[in-house]
Amino acid sequence: MLFHVRMDVRLPADMPEHQAAELKKTEKEMAQSLQQNGKWRHLWRIAGQYANISIFDVGSIDELHTTISALPLFPYMQIEVMPLCRHPSSIRTDDR
Amino acid sequence: MLFHVRMDVRLPADMPEHQAAELKKTEKEMAQSLQQNGKWRHLWRIAGQYANISIFDVGSIDELHTTISALPLFPYMQIEVMPLCRHPSSIRTDDR
Amino acid sequence: MLFHVRMDVRLPADMPEHQAAELKKTEKEMAQSLQQNGKWRHLWRIAGQYANISIFDVGSIDELHTTISALPLFPYMQIEVMPLCRHPSSIRTDDR
Amino acid sequence: MLFHVRMDVRLPADMPEHQAAELKKTEKEMAQSLQQNGKWRHLWRIAGQYANISIFDVGSIDELHTTISALPLFPYMQIEVMPLCRHPSSIRTDDR
Amino acid sequence: MLFHVRMDVRLPADMPEHQAAELKKTEKEMAQSLQQNGKWRHLWRIAGQYANISIFDVGSIDELHTTISALPLFPYMQIEVMPLCRHPSSIRTDDR
Amino acid sequence: MLFHVRMDVRLPADMPEHQAAELKKTEKEMAQSLQQNGKWRHLWRIAGQYANISIFDVGSIDELHTTISALPLFPYMQIEVMPLCRHPSSIRTDDR
Amino acid sequence: MLFHVRMDVRLPADMPEHQAAELKKTEKEMAQSLQQNGKWRHLWRIAGQYANISIFDVGSIDELHTTISALPLFPYMQIEVMPLCRHPSSIRTDDR
Amino acid sequence: MLFHVRMDVRLPADMPEHQAAELKKTEKEMAQSLQQNGKWRHLWRIAGQYANISIFDVGSIDELHTTISALPLFPYMQIEVMPLCRHPSSIRTDDR
Amino acid sequence: MLFHVRMDVRLPADMPEHQAAELKKTEKEMAQSLQQNGKWRHLWRIAGQYANISIFDVGSIDELHTTISALPLFPYMQIEVMPLCRHPSSIRTDDR
Amino acid sequence: MLFHVRMDVRLPADMPEHQAAELKKTEKEMAQSLQQNGKWRHLWRIAGQYANISIFDVGSIDELHTTISALPLFPYMQIEVMPLCRHPSSIRTDDR
């Protein structure tokens, strides 16, 4: 099932650069792994912002929360979740 | 190029049912035609709301506006647009 | 799976009383039927407001949307949905 | 009587990890004790957020405040309280 | 127990004057009766607005809702409720 | 004349405990003294929050500001003020 | 004593023009009369909006409310009131 | 020409007291000098807040910005500006 | 001097089409005339919305208000105005 | 294609002055270079605020994001982006 997730990243101004770099590197690896196994279906950058729009395709709400809260940047993100369902006018069978 | 569009529909309470039905029928036909030619890339219903999340893939901002403002429900929708770009962690070559 | 739903009802001031009464009667019947089959798990009135807090327990997001949008008061309600999951400190096995 | 409580936790970025862990451990013990004696009737995690939705069943408003403000995470939480009452369409006698 | 209630009145612009006058007259009678029996403990006008701040002293949340929703202006009011409790610095024994 | 004042306290997370205790002790003494001389007419805790609702009865707006800004917690409070006046439906002669 | 008042006018779209003209004419006469006797000390138009910023100098909060609520446009205005007091850096003895 | 300016001061909690005192002293001198030459026409304290409402009378928008941004507290203020013009009902020739 | 103006148009749903067409035609003529004489320096459509961003270059705030409030769509627009000034990093001598 | 960008700068209160000066100097150089090559078409200061309104003219959304996120002040700015298109009433051929 699909969830629309918006993530806004707010790193503390005094976080050492190597710590930020390490966090982002791990975040990227996890994001790519989750894309490869189909859980993180879409990932876009919002232009001009340190923020993204994501579509997750997970088996349960618990899996959604476990996945998001395990991201290394989770403590530094403001997150909004909206459940999505198939639109009656959609022609794509996989946009369920 | 990609745009994230949220549309909230607010039909007037006193609109005759047949007029609403006619508007929705034409809206659906246009939405499906735009999906078929690739302009309206994704279309999801936000659960519990008369609203959708859409991803448009158009050649210019003018094309985006012309497309959206030609929808029959346009006068009855509140619309928010956000430009999207490729996320550095994305592995999908077409989520540009 | 569980969803937290807040519904605020706004009936048009000029709706005839018998129409409002009919809508509310059907709404009540559907609400009670959905409670009986376990889909609408909790239903509370927010004190001082024509609004409720509900917990739905449904099999999919599509079922959630179909259920809510079939309510007779749906066109007159402002609705907010939040997906819920089990809290690590919860001791109730059914508050999954 | 029932109160709907939403708690959003915001731990300071520079809180030492062992202090956070200690706070959370005590919070969990108190939350479970309050659930066992029926004061904290429901406790759900809001998916994707460090936040919960809770239903308290207490004997007075003073008891509600004393209970919430004694939680170890209270100084780090943003809290919203709404009084609930029985909904005329509810079929559950204990959702009073 | 005490509740802080703010009521903002919004009468429809096309309500006939005699209907508005009738509603206000009945509202006033009920408000005064509720003050006399101690349920509506304080009632102040917010300067410059068609709105009031009220303190209700009722036996239960259900009584609060029943009382407020029975007011003739209820369908035309936006209402916010906050539960109050005794402040540790208060010297008044009845501001419980 | 009467003013409705809401005070939300936000102490910095790194304020030493003894400093906070000292501030609160002085605040309490001043609050009680102002209640005794009738300037601070009502003082309630908002349930679940480090916040209060107060009714001040002062001789002028300047006196209101001088009184509030002299409170030891003033630099750490977010404050909203609304002027109140007698409600035409009030039966209490002192709720002027 | 001084109050800062912002008034935003929202006339119903279907109000007959002569009724609007009549209301505005009476409003203007009252506004000028109140300026002449010093109650309405300043009156400015907010550029680009059907709204004004006003400074009232009245003897009591009740007088403020009576004055504002007697304006013919009162039912069609959204109004915000802020009590003002002398600023310690002010050099004008009448900006009390 | 006239501008309505609201300034909310937010000094950092850890600013040394002598630095705050120095800033406020210079701010006061500049505010009084600007009042004397007529640029800062009115200056009021908003009751209960560390904030003011000001009316500036300057020759250009650039002069407004240069004046405001030169204030020593500028880096610690949240500022809102609204252009004002003569109100058709105003009787004061200098409230242009 | 320059002002940044955002205009959001909200025509009543029941306005006859010919009246809307007439209003828009006159609006367009005035907008073009004001652009030709340099008062309305820039005019852009916000994509996906019945709204525009405009830059006005006028001699006074009064001229700004007179110009905007004379537009035929003025009664149906929500308008926000921000005064602009030359940016120290600008290289354009006419973006004063 | 054109984008309307609002940037609000929030430098941390404890940033050393030479670091702030260095950041601003580099920011200015980049802003001027981008203006010279036509990417940053307009740049205005919002009066009374450490904020600007900018019009960017770029070849793609990716270019917009790359340009904005490369600015030295990017980590300290809150940024809002709106896509613009030609207004049907515009007479300027380059305000496309």
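Every chain is named by a letter (A, B, C, D, E, F, G, H, I and J) in the order it is written, and numbering of its residues begins at 1.
By definition in this document, a contact is a pair of C-beta atoms (placed from the backbone, for glycine too) under 8 Å apart; a residue touches a chain by one contact, two chains touch by 3 or more.
For reference, the UniProt names are A, B, C, D, E, F, G, H, I, J = Muconolactone Delta-isomerase.
The shown structure was predicted, so the numbers you read here are calculated from the model rather than taken from an experiment.
Just one of B-C, D-E or I-J has an interface built like that of A-D, with over half of its contact pairs in common by residue number: B-C. Just to note, of D-E and G-H, the chains joined by more C-beta pairs in contact are G-H. With centres taken as mean Cα positions, subunit I sits 50 Å from subunit D. Mean C-alpha positions place subunit C and subunit J at a centre distance of 45 Å. Rounded to whole angstrom, the centroid-to-centroid distance between subunit E and subunit H, based on C-alpha atoms, equals 39 Å. Counting partners per residue, subunit I has 2-3, 45, 47-48, 61, 64-65, 81-86 as the residues that reach two or more other chains.
Touching subunit F in their complex are the following residues of subunit D: 3, 5, 12, 15, 61, 64-65, 68-69, 75-76, 79-81.
On the subunit B side of its complex with subunit C, the touching residues are 11, 13-14, 45, 47-50.
Of all residues in subunit B, only 1-3, 60-62, 64-65, 81-86, 96 touch subunit J in the complex they form. Here subunit E touches subunit F in the complex through residues 2, 4, 27-28, 31-32, 35-36, 42-48, 52-53, 55, 82-92, 95, going by the rule given at the top.
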